[in-house]
Every structure is written in structure tokens, then in C-alpha cells.
Amino acid sequence: MTDHMTREELLRRGVAGASILSIPGLLAACGGSSSSQSAATTTSAKQVPHNIHFSNWTLYLDIDEKTKTYPTLVKFEKHYGVNVKYTEDINDNPSFFAKIKPQLSSGESTGRDIIVMTDNSPYPALLVEKGWVEKLDKAAIPNIKNLRSSQRHPAWDPNREYSLPWQSGMTGIASNTSLTGKPLTSMDELLENPKYKGRVTLLNEMADTMTPVILANGDDPAKVTEQVFNAALNRIKKAVGSGQIRQFTGNDYSGPLAKGDLAAAVAWSGDVVQLNLDNPHLVWNVPDAGGEIWTDNMLIPNGGDVYTASLLMNWYYRPDIAAAVADYVNYISPVEGAKEVLQKSDPKAANNPLIFPPDETLNSVHVFEPSQLNNPDYLSKWNALVTA
Amino acid sequence: MTAAAETLVPRRTITPLARAWAFVKRHALTAYAVLAFLYFLLPIAVVVLFSFNAPRGRFNYTWKGFTLDNWRNWDAVPGLTDAIKISLEIAVLSSLLATALGTLIALALVRYGFRGRGPTNLLIFLPMSTPEIVMGASLLTLFLTLSVATGFMTILIAHIMFCISFVVVTVKARLVGFDRHLEEAAMDLGANEWTTFQKVTLPLIMPAILAGALLSFALSVDDFVITYFNSGNTVTFPIFVWGAARVATPPQINVVGTVIFVVAVGLMLGNVLFQRGRTRAAA
Amino acid sequence: MGFFHRHRWLTPYALLAPGTLWLVVFFVVPLGFLGYQSLEENNPVELTSSFSWAWHNYSDAISTYHTQFVRSLEYAGLATLIALVVSYPLAYFIAFRGGQWKNLLLLLIVAPFFVTYLIRTLAWQNILADNGVVVGFLRDIHVLSANGRVLQTGTAVVAGITYNFLPFMALPLYVSLEQIDSHLLEAAEDLYASKLHAFLRVTLPLSLPGVFAGTLLTFIPAAGDFINAQLLGSPRNHMIGNVIQSRFLNLNDYPEAAALSFILMAAILVGVLVYARTLGTERLTG
């Protein structure tokens, strides 16, 4: 593929620091010069898969506890005769980005071929915008046809040229029905009902919390104007000031929720699937006005082996492989057909509406306008609230 | 008997209350120490307890039932055992080196007058006061500028760096009150400086060196932020736990923590008993 | 060795060289980068920054975040004080009554670090849960109101900092106490001093180097701590460490984070200088 640069070429072209702005220009020139059609017929014949390095979040790939291996990955390795170095070194989006940013901005390779970042953080959009990720070799990913239609055109990567979803999750309201009576389904309850004062937490990620609140205000999170933003922010500010909100958490709401310290929390669907197994009173619902959906996306940072990485992505878009992953990870698979495969081996998981949500659920979850995720004004205001 | 003699002889009539009070006074400190240790080890007790928990989900927050499964499948979480191995290796190496380097600095600062004491003291205090995140990120910048690949070695370098200060301050506290007469006596008896250091000084400051080493070990095995930035794709135990906690808190983490605790205490206990045996044999 | 005999003046430098060289290369140089960064002008949209003697980073930092600065010094100070009071008798016990078990007892103090910070804190969250035994007891004896809680308060943050830094106080205290010759105490008692008097006039002054060391090793890192406030506090309890963390990671504002760090370090150093002068550095650090 003519727009793929080897690491050596990249290092030669990269000049530390000063020429940050010229790198995207160079990449754009390389990428734009040949259309993908002519590339398609010539690349697959010439390319050979190599060993690659796949960086992912912890416990995000199916494990065989007896052999202590990742079965789907081992199958891939055998099939293509390559070795995949799989490291679970992504802990959260901002830290990981801060870790790879120095190398990307100076044009060096990060040593990784696939990374996974969440789209409710500014980073996937930033990476694409700054030209720090490679284009996928779509010719090597025929299974892209299995991508769910609802995820084919995200605003920050409209033609899925740079990314493919790994797993998705939903953000909604977790409630402890032994404390709340019935499952809570409205953000109004969390933010304003004095009965739950001091026993509610919100998520510290801006998109996770602001999206449901914007929806609860009757606004559209796909167009976050300053007015929309401030309305939602002020509502949360009031709740924080009155002591209604106990804390802004990462996923450390799980402990207090499980112990009954919290009546309700803005929480991720996948966590509650797990918590529910030990405490059936813990339930999760999409808020009435709508919730949020986030997607962890596979991206190829500059300098990565595009062909082999694309092959790996293609592998995980096979319905049977995707089913194995979904069965273990218990988050939402982006692959059509995975549910049907799972029906035979694990019907309980296949029919779990939090792992394979029905269309009506998927239609009620939204995303925060991606281009506003890195709005410095919004971020400062949000930070001031969360870190006071 | 004279009045003076009477006051020198203790009165033998001790009331039960006085006896009780004496008992309390004698054992108050021990009782306090026991309570303090219980307080220290309370979280460890919870960790050990929950290593036997049998949650059905991925989180280990509420007690669900006793099981030995977690212990049987102690390495069921890939990455966990590798991470703890790396953390322990780094902790041992970094505390050894940091203790050595720090002790030397402490000796220089306390024993000798030299130009640059002020700046040296400043150099010792600064790393402790620097927030981890900026220290980690700046160190990463250094490594990248020097084209050093981040990984095990860079983590080790970083850990030694921030542990030195703690060793210096700890060992200094010991050296300050050190009785130089002992060394002078040794040298009067013909020992040269090196022998004196080896046979007199070093054994006497050993408790401080050991304390410094323990603190370094604790700092290193628990460090997260600086390590994360300078680890490349090496995963240490804290990094693994933080990452895993997003989706699960597997009881195997508790198992591994318990094992380390038990092994460390066991080794130390064995050492103590061995020493007691030696002193008894020598006596 | 003969070389050092003849060139006595070299000895301190030889002793200092390896450690200080390490610190200079791996701390001072990065600190230099940080200093440079603190005077850059940040462009958050482009993710770039350029050097422009941006002193306003410093003035902005102080004006916007003075509350968190003060709060950090308060929390760290309080935690240090409590750690001192809690650790002193413990260190005394190990030093004077520990006998052959001293090393084992020291290990037990450091043992909680073998399970990571997160696991320790989760365990404390478990113990201090709103409807757990401890909080229930505190409510019963009316230390807490009927709906009161421990977690997510300033108290929890200070308690967390104290707990996590106790070894840093206890070990230096022990180091200092352990070298006190018991004969000195015997002599004091022979001279009719009561136990308390002997303690105040002999033990305490001789242990001051340890107190000095312990308070430094606790206060200095505690002031920059962020993790306890993040997990155990609410936004109202956040410290300057949290601010630096979030400016750096979430706002990609490296210059501001760098400026904040330097201000923190300066504040700590000034405090340490004043503290050392008050206690009389010559006596304490030789």
C-alpha cells in the first residue's frame, strides 16, 4: 500500500518537536495520492503478515482459564503464522494518550500496531485530526460488512477509514432497588430527589455524565451549543452544591453500590451485569430521556503494520470469533451475527439485553458531539466542577 | 530508725488499686502496640479474608461464600502473575541500589563539611516534593529524547531515583546522633578507616539502612503514576490492578497479595528464629 | 584507600558522586524540561505549546487554585501530626521492647504496601462502608449523625493519607529511638527522675532527629498526594495534586500543570526551611 510508511521512513521524516505541523501534511500527501481502489488490487497480493503488538485494556479479551491463553488470539496466530504480542497496558484514555503523545507528535513509532481508545474521550477524534493514525487496509477487512449499521458512520470517522469498534458499552442509571423501591429511570431522580441525597454518584468523564443530563433537559447531545452545555452543567453544579452528589467516580462506584452505600449511580452497563450476579437488587436502565453509548475503537498508530493489524481486525469481525469475545467480556459486540452464534453455546448471554441490546435500546442511547469533546472551554468548566 | 532512713525504704503496703495501675502502666505500651498493629493490618485481614470469597460476578466486594477455588486457580488471570514478578524484581533491585546510593550520600552529608551542602540538601528534598505526574512525564521526555526504549530498565531507573531521598533522610536521622567515640576508640586500637567503618560504623547504622531499604521497597512495589509513564508496555502489579479494576476485581489479586505478605513475614520470622538459635548456641 | 587518605577532601565528593549523579541526570534534567514547559503558552486545540516566557501560568495558578493549595497543606499537616502521635509510641515500643523481634515488627508496618494502594483502599472502603460495623458503631456513640458517613469526606481523605504514610513516620522514629543507649535512661532514673521525666528530658530530645526526618518524609509527599482525595473524597476535598493531575491529563495543559508543580515545590521547601530553622538544623542534621 503506497500510503503505508515503514518505521524507518517515518523516523527519517520525523523531526523532533518542531515540525509537528508538517507531519500530517506529509501523511496526507502520501495518503491522498493513491485512491483505495488501485491500492486494493495491488496490496493484498504483495503483503505478508508480520508479528504485531496489540495494546488493549485489561481483561478485555477472552481467556481460557485452564491454559491461561487467549484462544481467539492463538487461533489467529496459527492461521497466519505470526506472533501477536498482547499487552494490557491501557488503563485509561488520558494517561495512555499522554504516554504515547510524545512519540506520535515527534513522528516516531509507538511500537504498537493496534491501540484501543474510547470515543467518549477526545482522543480518537484528535488522533485522526492530527494524522497520528494510519488508514486501515480495507481490502484486508472484508468482514467489515458485519459491522452493525448503527456504528458505520461516527461523526469523527465518517467512513470508518481509521478505526473499527472493539466493544461498546452503555452509560445509564444503576439503582439498588432494595433502597429505591423500584428501578430509577430518570436523571431527575438522581439529581433532584432529596430522598437520595448524598447517595448518588456521577461519572467523572464529561461525555458519560453530560449526555444523559443534556437529554434530560430535552436538548440534543449531537449539537452541544454553549447554551445547551451550560444548562446541563448548572443543573449538575446545583446538585453537587447541595450535597446530592456524593462523588464523581471512575468505575469505583461498583464497591459502594454493591455495599449499599449508594442508592443510585450513573454507571456502565457491563459493570452492573457483573454486580447483578451477586446482588439481584442492582439493576441498570437506560434513562427515560436517553442514555449514552461509548465505543472502544481499534486504531493503528503511525508506524504500525497496517496490513497485519487490518488482518487482526478482520479476524475479530468473524461472527464466531466475536461471539467468543462477547461471551467473556460481556460488553456490546459491534459484530452482526455474533448473537446468533452465541445462542447455541450460551443462550443466557445471547439473550441478555445488556450484552446484546435490542434495537429500541440502541436507539435510545446517544453520543456527545465528538467535535466538542475537545472544546477547551467545556473541558475547563467540567474540570472545575469535578476537581473543584 | 531515723526519718531519713524511713523515706529511703519503700513502703510495703501497696493497695490493689495501685497494683492495678502499675499493671496498666507496665502493659499500656504493649496494649497500644497491639492495637496499632491491628489497625495497620486490618486491610490485610480483609484482603486475606476476601481471597476466599466466591463471588459469582467479576467484582469481589461482598461476601458470598467460602471457597478454595481462587487458591487452586491462583494463576487463572494471565498477566497477574507476570506483573507481580516484575514488580518484585524491580522493588528488590531498586531498593538495594537506592539504599546503597542513599547511604553514601547520608554519610557524606553528616560526616563531612564540604562546599555544596545546601544544594545537596535541596537536591534530596526536591524529588519528594515533586508531584508524581509531572515527574513521570518529564522523565519520559528525557528517555525519549535520549532514544532510550521504555520498559523494565526505565522503570528501575525511575524507582531508584525517587527512593534515594527517602533513604538519605532515614539514614541521616541515625548518623546525627551517632557516637563518634566508638569509632575513635576503634582507630585508637589500630583499626584503619575502612575496618572501622566495616566493623563498627556499619553494624551500628544497620537498623537505619534496613529501615531505608524497607521504605524503598514499599515505595517501589506500590508506585503507579511514575511507573505508568515510563513502563512502555511492561505491566507492573499496580498497573495491572488499576487496569483490571475497570472491569473486575478478581479474587486472585487477593490471593497473590496474601502470598507475598505471608512469604515476606515467614522469611523474616525464619531469620529471627535463626538468629535466636545462634545467640542461644553462642551463649 | 591510601588515595583517599592523601586526598581527604575528596572523600565526601566520592561518597556523594554516584547518588547525586543519578539524581542530577534522572531528576534535575527532567525538572529542567518541566521548568521550560512551565513558561510555554499552551494551545489545547492543536495540542502544541510554544515557549514565550509565559509567567502568567504562575500567576493564574495561584489565583485560581489557592484554595486547593491551602487545603493540601492543611490536610498534609494534619495527617503528619496524627501520624506522629500514632507512630511515636509504636516506634518506642519496637525500639525498646522489640528485642529480637524488631525486624519482624518493622516488616509488619510496611506489609500493607505489598497489596497495592487500590486494594488497600478498597478494603478500607469495605470496612468504612455506610452500613458497616464501624460506621454503625460511630453513629451509635453519636460521633456521627444518624445519616452521617465517613467516606467521601475530608475526614476520610486525611485518614487515608495518614494511614498510607504511617510507615514513613514510624520507621525514621524507630531509627532514632533505637540508638538511644538505655544506660542513659538508667542514669536518669538513678538521679531520681521519674519515668515521665526521663522520657521528656532524655528520650524525647534524643529522638528529635527521627521526629524531624519522619515529619519530612510524611509531610512532603503528602502535600502533593492526589489519590486519597480522588478515591476517598468529594470534589470539595480535592487537593492540589488532583488539580495538577487533571490539568495535565484531562486538559492537556502541561504548562499550567508544570507551573502548579513548581509553586507547590516552592511552598513545601519554604515550609521545610522554616521548620528546620525552628527546630535548629545544626543539631538535627549535623
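We just call them A, B and C in the order they show up, numbering each chain from 1.
Throughout what follows, contacts are C-beta pairs under 8 Å (C-beta built on N, C-alpha and C of every residue); 3 or more make two chains touch, one makes a residue touch a chain.
Remember, it's a predicted structure, so these values are computed and weren't measured experimentally.
Shared contact partners of subunit A and subunit C comprise B.
A count of C-beta contacts for the chain pairs B-C and A-B puts B-C on top.
Subunit A and subunit C have Cα centroids separated by 37 Å.
Inter-chain spacing, taken between the CA centroids of subunit B and subunit C, is 15 Å. Mean C-alpha positions place subunit A and subunit B at a centre distance of 39 Å.
Within subunit A, contacts with two or more other chains are made by residues 95, 98, 252, 255, 259. Each of residues 61, 137, 141, 242, 245, 249 in subunit B touches at least two other chains. Among the residues of subunit C, those in touch with two or more other chains are 122, 126, 248-249. Partner subunit B is touched in their complex by these residues of subunit C: 1, 5, 9, 11-13, 15-16, 18-20, 22-24, 26-31, 33-34, 37, 86, 89-90, 92-94, 97, 100-120, 122-124, 126-127, 166-168, 171-172, 174-176, 178-180, 206, 209-210, 212-214, 216-217, 220-221, 223-224, 226-227, 240-241, 244-245, 248-249, 254, 257-258, 260-261, 264-265, 268-269, 272, 283-286. Those residues of subunit A that touch subunit B in the shared complex are 16, 53, 55, 57-60, 63, 65, 68-70, 85, 87-92, 95, 98-99, 102-103, 106, 108, 111-112, 250-252, 254-255, 258-259, 270-271, 273-279, 329.
Across the complex, subunit A is touched by residues 44-45, 47-48, 68, 122, 125-126, 129-132, 147, 149, 151-152, 231, 233-236, 238, 242-243, 246-252 of subunit C.
Within the complex formed with subunit C, the subunit B residues making contact are 29-30, 32-33, 36-37, 40-44, 46-47, 50, 61, 101-102, 104-105, 107-114, 120-135, 137-139, 141-142, 157-158, 160-161, 164, 166, 168-178, 192-194, 204, 207-208, 210-211, 214-215, 217-219, 221-222, 224, 237-238, 241-242, 245, 249, 253-254, 257, 260-261, 264-265, 268-269, 271-272, 275-276, 279.
Residue ranges of subunit B in contact with subunit A, taken from their complex: 55-59, 61-62, 64, 73, 75-79, 137, 140-141, 144-145, 149, 228-229, 231-235, 239-240, 242-249.
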